[in-house]
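In the two complexes that follow, chain A is the common piece, with chain B as its partner first and chain C second.
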Partner chain A sequence: MKALEVKNLKVVFPTEEGIVRAVEGIDIEIEQGQCAAIVGESGCGKSVTSLAVMKLLSTPPAIVRMDKLEMNGMDILHLTDKQMQQVRGKDVSMVFQDALTALNPVMTVGKQIDEIFLAHGKLNFLDGQEGQKKHINVRKEAKRRTIEALKLVGISDAELRYKAYPHQLSGGMRQRVLIAMAFACNPHLIIADEPTTALDVTIQAQVLDILKDLQKKQNTALMLITHDLSIVMNMADVIYVMYCGKIVEKANTRELFMKPLHPYTMGLLGSIARLDDKRGKFVQIPSSLPSPMRKPAGCYFHPRCTYATDRCRQEMPHLEELENGRCIRCWNYQEIQNAGK
Partner chain B sequence: MQENENPLLKLEHICVTFPVKRDYPFQKKRFVHAVTDVSFEIGAGETFGLVGESGCGKSTLANTTLGIQKVDSGKIFFEGKELTAMDKKQLKEARRSMQMIFQDPFSSLNPRFSVFDIVSEPLRIMGGYTREEMREKVGQMLHEVGLSAGDMDRFPSDFSGGQKQRIGIARALILKPKYLVCDEPVSALDVSVHAQILNLLLDLQEKYHITYLFISHNLAVVKRICNRILVMYFGKTMEYGDVDKIFANPMHPYTRALMSAIFDTDIDTKHERIRLKGEVPSPINVPKGCRFCGRCPEEDEACRMGEPPLVEVEEDHYVACFHCGKKADADG
Partner chain C sequence: MKTSYVIKRILLTVFIFFVVVTLCFFIPRIGVSDPASRYYPPQTAGMTDEEYEIIKEITREQYGLDGTTFEQYVRYMTQLFHGDLGTSYQSGSPKVIDCIAECLPWTLVLSITNLLISLVIGVLIGTMAAWKRGRWQDRALLNASTFTTALPSFFIALLLSFYLGFELEIFPAYTDQNMVSNFDWSWEAISTVMYNAALPIFSMAIGGIVSYGQSTRNSVIAVSGDEFILTAKAKGLSNNRVIYGHTLRNAMLPIVTQFGMNISGLIGGAVVIEKIFNWNGMGTLFLTANSNNDYPLMMGIMIFMSAFALVANLLTDFVYSLLDPRVTIGEKR
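Entry: the complex of A and B
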């Protein structure tokens, strides 16, 4: 059973200046306990994808279409908003990018985590000894579990932090609170949208470790959304590279890093600064992402691609499937590979 | 680059503290110790890297070099003249040759100013230019940073993050400064745009011989573009000197931890990652002893008792750690 299966997801925003096709038909499959990363520049539609999967995009203005949306074999696509509220937080949850805006500033972090247990946790009974069910104090039980959850993400003095407001915590600590929240009800799937971009390198490493540990421990599927390929190497099993609302390459992490096929992926990998680099210029992808309203004809990447041919300028390549579940959207990937040798 | 006879910028024992608001009346006055006893020199044409986590005092230190932040004690010399003793008028004149680019291009450009207004603002402040001269200069500058002169009358909201940062760079360079502070110029941008902006900075440096003070927490970037670096933790110098020497032989545990926090993209080399416990402590109650205590994997009793002095371990390589001497002995 797959933790997440999305077929042919399309998201469109009609605006006054024109129609923005944010996501143009993408398929995502995540196995139970797997970590899949979606990588791309800002504006490529990766966050919109995650919001569409959570059914958090407000429609209108957005128009969301997909053929299939299943989580753990359960059909999500046809759930009403009310039913969806029961699913979010319990079966699927999300870690947002900016912890300060994701948390409620006038509520202690403890109370905010309590809410999840109160909403989904089935706290009314606790299995006592010999299978006897015992009535317990719901709020007390929620607090106990919250403190446990805070300890799980490595927050020291969890009892003390329970009473803290978000502004009293440091950035790394706030991000941990969000992670504790996401894992609170042992969901099948967690979507983490740029969970560490607002953090320092050392704290980033800590937070990613926690995320990975918890994911492995609870066998949760994780969908990691980021623009930084370097952080997914140790996290993800599968990587989807997105460009202008389309998936341009999909591969196992190892294969992608060993042998990137799409010129865009190569550019992304090349632009990461590495410790063993010599001093001097960086490899760069020329120019920037085209406006989502004026996407170029043919392959969307061709204006920035050094290997572009006439065919690329006219025809959009299909997502070609290779062995091992690897996919590539490029006319010339074989020639590029051969030229590289 | 060795110790310069004529450094462009020289800082001597800089200390900066900020008073903390009292929680209740008659509470003892408390201070945030942002920068404590930091000294360094930047030679002309050099790129000097300032490395550390957020909250360690990097930005405060950079501000003092521009005369924006008053120092509590210590002296700053810019081109041999004492910046810390200047009055307002002299400072304004000195600032003509020093500029800054900021971390977040989304908030450092006034959304109601056109690109021309933004880039020409330094010219207007310094005065003495006609509008035509300004338009010409701005056009040239925009071209130089990879935009076109036609972008002059558009507004910041029309541009992407990378382009906004280019506008910020154009604004900083319009007065042809000698010294430029780059406060995390790429950390708010996409990884794919990092390379573009950094290459632009390198090109401009080559062309105009600008001296950069480059603030960053990404050591991989720092290694690639800086000549000398200073690793700061919690307001103090941890390691300081030539970039190649520090990277070849990082002595301070904090430097090593920062280096191991960089994600490698080479999937086959599994490098040992040093994980730091905890986070930067509160700068109000500075603990006795080495400031890195509590997070350091190598701390012992001596570290908790006294602060390690900054010692020269080899030429142009200074470290403040009790253990670095032992480490060097063990290695060699």
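Entry: the complex of A and C
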């Protein structure tokens, strides 16, 4: 049973200037307890993918289509809004990028976590005693669990922080609160959308450690969305590289870092700073992401690709499946590999 | 909120109050050579000019208008410190404070009802317009707001008084003066007041409702786009919980400011409307005092209005800082 299975996800935004095809038919599979990273530049459709999986894109304006959306074997695609509310927060939850804007500024962080337990926690039953109604103070119980959740993400003085407002906490602390929220109901799947981008590098490492630690401890599947390959290295089991709304390469983390096949992936890896670097300078990808309204013909990457051929300019390559679950969308990957040797 | 800041703020308010009182004292006296002139008795035949001068002097003393303007000012301020607003020039020399006490409740009936109606209905309509963004409910509110911004409330009052009052005779176009003298807290008397107050309140509330509606709508839409609303949805909260617990709570902050500003206008905000419907409130009292050069009464009313406005502003600031924990007024970051 897979924690998440998405088949042929498409998201389109009709705008006045034209149709924006944000996501063009992508498949994602995440095993239980696995961490899958979706990597790509800003604007490649990563965040839209995560919101579409949560069914949180407002339609209209967005148009979302997919053939299959299952979480833990449960069909999510055909759930009503009401049923979906029961799934969100309980079976799947989210960690957002900027904790300052992602938290309600006029509500204490404690109350904001309480809400999750009040919505999903089955608080009038004590653990393991379902069916046997024992009256306990629901709000007190929610508070108790919230403080527990805050301690779990390494927040000291959890009782004190319970009463704090978001602006009274540091950036790292706020991000921990978001993580505590996401793990509150032990969901099968957590989607983390750029969870550390807004943080200092030192805090980044701490927050990632907590995220990884909790994920392993609770055997939660994690969908990590980021533009930063360096943080993925220690976190992810599988990496999806996304470009212009399409998956261009999928591989195990180790394989991807050892032997990237797609020129775009090579470019991304080339822009990571390494201590053992002997190249002396970064290999950068020339130019920038094309406008989502005027994507080039053929392979979307060809205008920026040093290996582009006539075929690349005319025909979009399909996602070719290789051994070991690895996938690649490139006409010339074999030639490029051979040339590199 | 620091205590030292609260004290500073209160002291500042008191200072502003005295500046206002001073200005109110001197401005009406600018350019008036002898304000007491209209109260002099006529010079009878056989009275010498010297004798008439003495009579004039006595009259000026009677009205507190003897000596230089500055001497009058010092006298007035001393009086004010003792809590005495003086005596009106009206016949019977009633105490200013009594005149105000008589008219104030009638103004408050209009303005408080108007403010509450505007707030409650406006917020409801605004929330609905935001919810139905771009649909007919939203467009109707936008059109109504263009309409009421262009039409001042006194013009709406005239229209209402003409059509609903004179033409259709649904509501009284002119306030029944017996209403005030016969008021005895009976159910009948209260309903008479409500009947008479309908048109003045309605003509003010139209603008108020639309204005609160429009600001609520904009505020709700702005907050709905904030990321913490997405977080709230991702937590699996019900729609109601998202709207009432997160969206409205934040969207109400600018509405509190607007409400506070409107509270400060509760006493002086309905002068023209009161005149149109001949409503015996502070506005009518002020206009009468003004046309009679009734300085003590004018001063008394203005002092009352400004004190009320200043206190309302002060309270709004304090309440706001309680509602929005991010506002830590007076603390340096």
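Operating definition for what follows: the second predicted complex is superposed on the first by the 328 of 341 C-alpha atoms of A that agree within 3 Å, B and C clash if a C-alpha of one lies under 4 Å from a C-alpha of the other, contacts with A are read in each partner's own complex, and residues count from 1 in each chain.
Here is the rule we use: a contact is a pair of C-beta atoms (placed from the backbone, for glycine too) under 8 Å apart; a residue touches a chain by one contact, two chains touch by 3 or more.
What you see is a predicted model, and the numbers here were worked out from it, not measured in a lab.
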First, second, both or neither for A:Thr306, with chain B first and chain C second: neither
Which superposed partner A:Gln206 touches (first chain B, second chain C, both, neither): first
Contacts of A:Thr15 with chain B and chain C, given as first, second, both or neither: neither
Which superposed partner A:Met258 touches (first chain B, second chain C, both, neither): first
Which of chain B and chain C A:Gln85 touches, first, second, both or neither: second
Partner chain in contact with A:Met107 - chain B first, chain C second, else both or neither: second
Winner by number of chain A residues touched, once chain B and chain C are compared: B
Chain B/chain C common contact set on chain A: none
Chain A partner contacts - residues on chain B that touch it in the complex: 53-54, 160-163, 190-196, 198-199, 202, 217-221, 223-225, 247, 257-259, 261-267, 273, 275-276, 278-280
Chain A - residues contacting chain C, complex: 51, 54, 56, 81, 85-90, 93-94, 96, 98, 101-107, 115-116, 119-120, 165, 167-168, 178, 181
Partner chain B, residues of chain A touching it in the complex: 41-43, 156, 170-173, 200-206, 209, 227-231, 233-234, 253-254, 257-258, 267-275, 277-286, 288-289
Complex interface listing, chain C residues touching chain A: 226-228, 230-239, 241, 245-246, 249-250, 253, 323-326
